[in-house]
Amino acid sequence: MTLSRPIAQAASALRDRFRDVRATSLALAAPLSAEDQCIQSMPDASPTKWHLAHTTWFFETVLLQPHAEGYQPFDPRFHYLFNSYYEALGPRHPRPHRGLLTRPSVDEVHAYRRHVDEAVLALLEGGVGEQDWAAIEPIVTLGLNHEQQHQELLLTDILHALSCNPLLPAYKPASGPALRLAAVPSPMRWLPQHGGIAEVGHTGSDFAFDNETPRHKALLQPYAIADRLVNCGDYAQFIADGGYQRAELWLSDGWAAVQANGWRHPAYWLASDDPRLGLGSQQQQQQQGSTGWHVFGLHGVRPMEADAPVSQLSFYEAAAYAEWAGARLPTEFEWEAAFDAPGITQMTGHVWQWTRSSYDPYPGFRPMPGIAAEYNGKFMVGQLVLRGGSVATPVGHSRPSYRNFFPPAARWQFTGLRLAKDL
Amino acid sequence: MTLSRPIAQAASALRDRFRDVRATSLALAAPLSAEDQCIQSMPDASPTKWHLAHTTWFFETVLLQPHAEGYQPFDPRFHYLFNSYYEALGPRHPRPHRGLLTRPSVDEVHAYRRHVDEAVLALLEGGVGEQDWAAIEPIVTLGLNHEQQHQELLLTDILHALSCNPLLPAYKPASGPALRLAAVPSPMRWLPQHGGIAEVGHTGSDFAFDNETPRHKALLQPYAIADRLVNCGDYAQFIADGGYQRAELWLSDGWAAVQANGWRHPAYWLASDDPRLGLGSQQQQQQQGSTGWHVFGLHGVRPMEADAPVSQLSFYEAAAYAEWAGARLPTEFEWEAAFDAPGITQMTGHVWQWTRSSYDPYPGFRPMPGIAAEYNGKFMVGQLVLRGGSVATPVGHSRPSYRNFFPPAARWQFTGLRLAKDL
Amino acid sequence: MTLSRPIAQAASALRDRFRDVRATSLALAAPLSAEDQCIQSMPDASPTKWHLAHTTWFFETVLLQPHAEGYQPFDPRFHYLFNSYYEALGPRHPRPHRGLLTRPSVDEVHAYRRHVDEAVLALLEGGVGEQDWAAIEPIVTLGLNHEQQHQELLLTDILHALSCNPLLPAYKPASGPALRLAAVPSPMRWLPQHGGIAEVGHTGSDFAFDNETPRHKALLQPYAIADRLVNCGDYAQFIADGGYQRAELWLSDGWAAVQANGWRHPAYWLASDDPRLGLGSQQQQQQQGSTGWHVFGLHGVRPMEADAPVSQLSFYEAAAYAEWAGARLPTEFEWEAAFDAPGITQMTGHVWQWTRSSYDPYPGFRPMPGIAAEYNGKFMVGQLVLRGGSVATPVGHSRPSYRNFFPPAARWQFTGLRLAKDL
Amino acid sequence: MTLSRPIAQAASALRDRFRDVRATSLALAAPLSAEDQCIQSMPDASPTKWHLAHTTWFFETVLLQPHAEGYQPFDPRFHYLFNSYYEALGPRHPRPHRGLLTRPSVDEVHAYRRHVDEAVLALLEGGVGEQDWAAIEPIVTLGLNHEQQHQELLLTDILHALSCNPLLPAYKPASGPALRLAAVPSPMRWLPQHGGIAEVGHTGSDFAFDNETPRHKALLQPYAIADRLVNCGDYAQFIADGGYQRAELWLSDGWAAVQANGWRHPAYWLASDDPRLGLGSQQQQQQQGSTGWHVFGLHGVRPMEADAPVSQLSFYEAAAYAEWAGARLPTEFEWEAAFDAPGITQMTGHVWQWTRSSYDPYPGFRPMPGIAAEYNGKFMVGQLVLRGGSVATPVGHSRPSYRNFFPPAARWQFTGLRLAKDL
């Protein structure tokens, strides 16, 4: 069966995109040793190697096994090992034990990836008729978006793992000196929005996840939204003003988390008397002579930059900051409606932005069909919506209608906030 | 200072209402022994005696100490013992240890109530000028609504405590035989609603909690809502159809709860082979000769009544049932908009009804001033809204705009569900 | 069947003793309200009411059901409720939930006791032939010793429960002022013992538990033993010298317990800045004007008495104190061999004394036959032997060969220490 | 300073031994990938890499820093990372987080070993005078014995880690087919021992740990001891006879462990329906056609060999087996006294043998001086003594007076049992 011309072109483009996305995953893992790629620092995080294998398993299970005739699985045991949470696909290796899988090795996982890559590319090359294309294309596209989500998780998870090492090693040394930022951060400005009926949710034929649909109308009160993100300088003032000691600023569960876990600052901030500063980065510290905050990130421990958006923040911290600032978090629809507001900046590419919206289904929401039904819908309780996209989000992966979501206590993602208020 | 006429009348009515509500609390505790009133069966529940004391503490702390000149506290140590969660009022006895307070005794708590009652009535009687009245009346009203909430909790909490006793004793024996209900429950009917812009939230000068305000417009899609609650007969079919074994019906957290806790049926249902049936109610069982479900409730263990609304259900179970039924839960605004829909029944007085709405703040929400700021707002994350009112809700306490809320795993309240669907 | 003369006399004496022991249990519970008698403050402790019922259950199950013809159980459900840990007798109410049994009430438990008492007395009165007597007498004697053990536990458990109440109420107010003790405690003296072969363990026909047998020879090195117990004044010096901050004094598990639980002093000591001193005993404190330690006990909170033996100590604390004092704990055989040593005091009636002996079986140990096999033997791992007897031990219950045992972290019993050292 | 002749010879021998022991550790790690060497499968186990580094740290800290003039630590941060439990040496990386140390890498740890090896060898070569020798030799010898202990732990810990991988990979494939053992195990024979006074504990000038001293007399009753270990065939009969379902065979804590953890057979046994048999060893299984037990070990999953000693057993299981067999475990002194008994076999080199002796100090016990004081003494509570030595114990490391010890629930060591009984 030969491909019709437009399908052939589309297939060729998809092959290119497939190669590109798959190569990016490997490139992200490249700075890491085999040991780094194996460990799991908490049940919510996964090893790098597991991300590399699971995204491959997704293509094998959802695309190749049902659609590629005669496909031979690389290793039938991987079906059990690398299923994440798909109940419909049977029992799986328990999530908290992913770090115990020293075998298969990183090398075997690479071989697994090559095996699956070849089969996917062959499928996209060869026998794709119109009907097949209609079935296959959405799955490949979903698989690539899925892999992009895991690219971000790969980074956040390894960053968490490295943060558990008292030496605080860098994922990747900074290639140059830290950007010299203006000493005085630009003041935040309020951008008034008139509210009214807004169209929200995804529309059009481009890919989007089911949780962004259906597009529908929402009614907004007049509000103002900040033109920029809350930055580290802002947040340091909140801390200095006793933010972590004042119960009245916190939601009840947030205050309980502060007390139970001894939170005193964002997860990756180091106070000037942190013993790890002496342990891991003596030279650095001496160079800086700094007595203030340090922040751990992908480039290791660096002196805090006041203008950089505050990150790795839980919803609880974001909400407490907003309360302290006499403001609030925007709802997800306020955020979406203001996406193109004149003067607004930092809407994507810096940090995911906590909203004051619980992760509930849209009116008329229907999960994707088949196995993918478990992709988003079953998590719609107890979580909060984040909007935007972060430095770790693959370019082109996010969009204004994108709904990211995490539980309110999560503080290992690139998550920060922007203020809003009633008018 | 003498009272102006209308205030005097209002004060007199408030005194009557105060006496009435306060007496009701005691009446609810009356069937219980001192031992019953002391125990705490889980951290989320409180002893009967604690409810009696805490509601009294509320009047003492929020009303009498700031507003009743020369008021002498009954016992200054009670300030520490009976504060529930008001951070602004200082440290307090830890919630999970309320059951360890054998002292003060029930008798002392009764004396505490009398002491405070007299002071409140004296305050309302005597020196209430116009200005005072404006300050005092809202606090007394809040305190009475607060006490009514605790009246329901008193019942749900003691029911939970009794459910932990393998003898399954009754809170109060049924005065007569169980109602002979029709063998075949009436079929549920769908009531179509056109949607559009609805006004939701509280309006008017009557009392309402801050979380019901401000009244605002919400945009609804067309939908249908069930004319009655899901009943035990309906729910038994869900169980018989493998409802508790089918992961695909459940939210992810719900399925985890099913597996972690071994849920197989609602919390207070007893399967026919439950050993406690043999232990606690031999005679009863023999009389019935039943091999089916039994249900534990305020009147002890009774054979399941198919027509009775299913109760003591978690949100997870409610959502799984709705999924199984090919429907969904209504949002809180769909529920509110349908309150007076022709043909609708059982909207209040049976069970609180889980909605598909997370407990988020209304647009423009402002907490009550002062200490009462902690009353509702700080709990607005991680919980779900329930609407309606239950058999345990004091008459006149609920209203269509009332927002009750509990975490999704809570299953010791009088909580059930009503179905909805898109049109 | 008539009783032979000596049996009749023995039976009469046993009836007297039975009445006496049973009455003592009720007398110990008498100062407590129904609420006090119901609660359980930790899984290791039991409610007063449960002690009263369980000791009764023991007579019913081990004596009456097998040996009293036609005996009708008071309530067959109690078999499940009041079994403690006898696996051979089937499933039982879970230990940590004993505090949830508000029913049966204290009154019902009293009725249960009367029912069983009458049946036991009737059995001892009436049809006891020689053969029956041989079967019955050891069970009654065991049951009485069992009840005496629970009399001590009743006191230690209610004391723990009251210690969890921030008001720190007294089990029983002191009848007079605290004993005026000498300001300077008498210095401790070492009593040298020559060691060699010692006979240890129980001998003779009087009652003893199986774990004290068989009597056998043990080989002791020369040692010295202290003439008196370590007292509160001694122990306060240990604290003042940083005893709870110096890891080198502690066994590894003990140090872990210190850190995990924040131990800074014995369980029932209150530092001068303890907020409960202000809460519960203002007057008392003012009277005393004391700024030092207070100790909570059966008479409530009292200023520490330097000469009183330190009590409610864990093995870990006892061992750390001994290390600090340049000494060690005696082994259980050193203790037993020194029981009658000239000059030795406080060997019984003050506190149980931790020994440096793990609770292992004696050579040739055989458990009691039948159900009583589970009485002692199955606990012979992970615990330490205590010797002596305490203020809470019923008079006549202990003896030099008596082996009490608790896990090393237990600190709610009347437990203290005496020093020993090598010669 | 030159060495006197005998010291020079001794130093040369010690250098050889040092090289030998250090090389053995690396050889044990050689079959493992960098990933294998990094993970930690439970808090009680440590990563291979950590063992390699910690044993090196021991030489660096206890030998080189105090005794090698001008020694430069390889990396001062390792002092924090690789201290195990020496409180006197300051804070250390928390034990449960050893698996999070992906850095330093295996290669860096190897470099660390070389650095320290060179310094130790230089110290032993060069300036060792008589006085220095007297100080240094015991430390080096202790360090080597310490490293040998960790060699065994390295094997038991990696075996546990591999057992957590559902693929059940082999530490090292068997070089040949499994030994063909006699189909019928030889019957066990009882060897009577007369008891009396026995000398126990270490004597002489060879190295021994402090916990084996002082040598002293112990008094033994007549007893019999089994001529061989309990083997897998024996143990399979215990299982088949309901051993894991019969509470009466178990100590109370053991029975609780059986129920809490669902124990049904030894930790590394696989029942014929174990899903991992299908997952990990299809070929193997088909070859065997076996429907019986399989056992996981250093060579991966193999069919159970009836004659092989049962291993990876907890004390609780060993004691329950002995009870079932109508026998008991020997005390540690019975075991030691029977070490050379005629006819006795398998006393060392197979499995460590649980004794019925708690790990208490010997009369007159004194810990080693200095830092080594924390080596053994502080663990003398809550553990049981094991005697003998296992297949994983380095040759020459054990001796008849050797006291190994583990908590009663530990079941990841090469631990089994031998029976004894009273005569």
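So that you can tell them apart, the chains are marked A, B, C and D in the order they are listed, and the count of residues begins at 1 in each.
Heads up, the rule we're going with is that a contact is a pair of C-beta atoms (placed from the backbone, for glycine too) under 8 Å apart; a residue touches a chain by one contact, two chains touch by 3 or more.
Please read all numbers here as calculations on a predicted model, not as lab measurements.
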item	value
Remotest chain, chain D as reference, centres from CA atoms	B
Distance between chain centroids, defined by C-alpha means - chain C, chain D (Å)	38
Whole-Å gap between the CA centroids of chain B and chain D	58
Junction residues of chain B - those touching two or more other chains	none
Chains that touch, pairwise	A-B, A-D, B-C, C-D
Parts of chain B lying in touch with chain C, wherever the complex brings them together	33-39, 41, 49, 77, 80-81, 93, 97, 99-106, 161-162, 164-167, 169, 275, 279-280
Chain C to chain D touching residues, read off their complex	85, 87-88, 197, 216-221, 247-248, 250-255, 315-316, 319, 331, 356-361, 363-364, 373-374, 378-382, 384, 408, 422
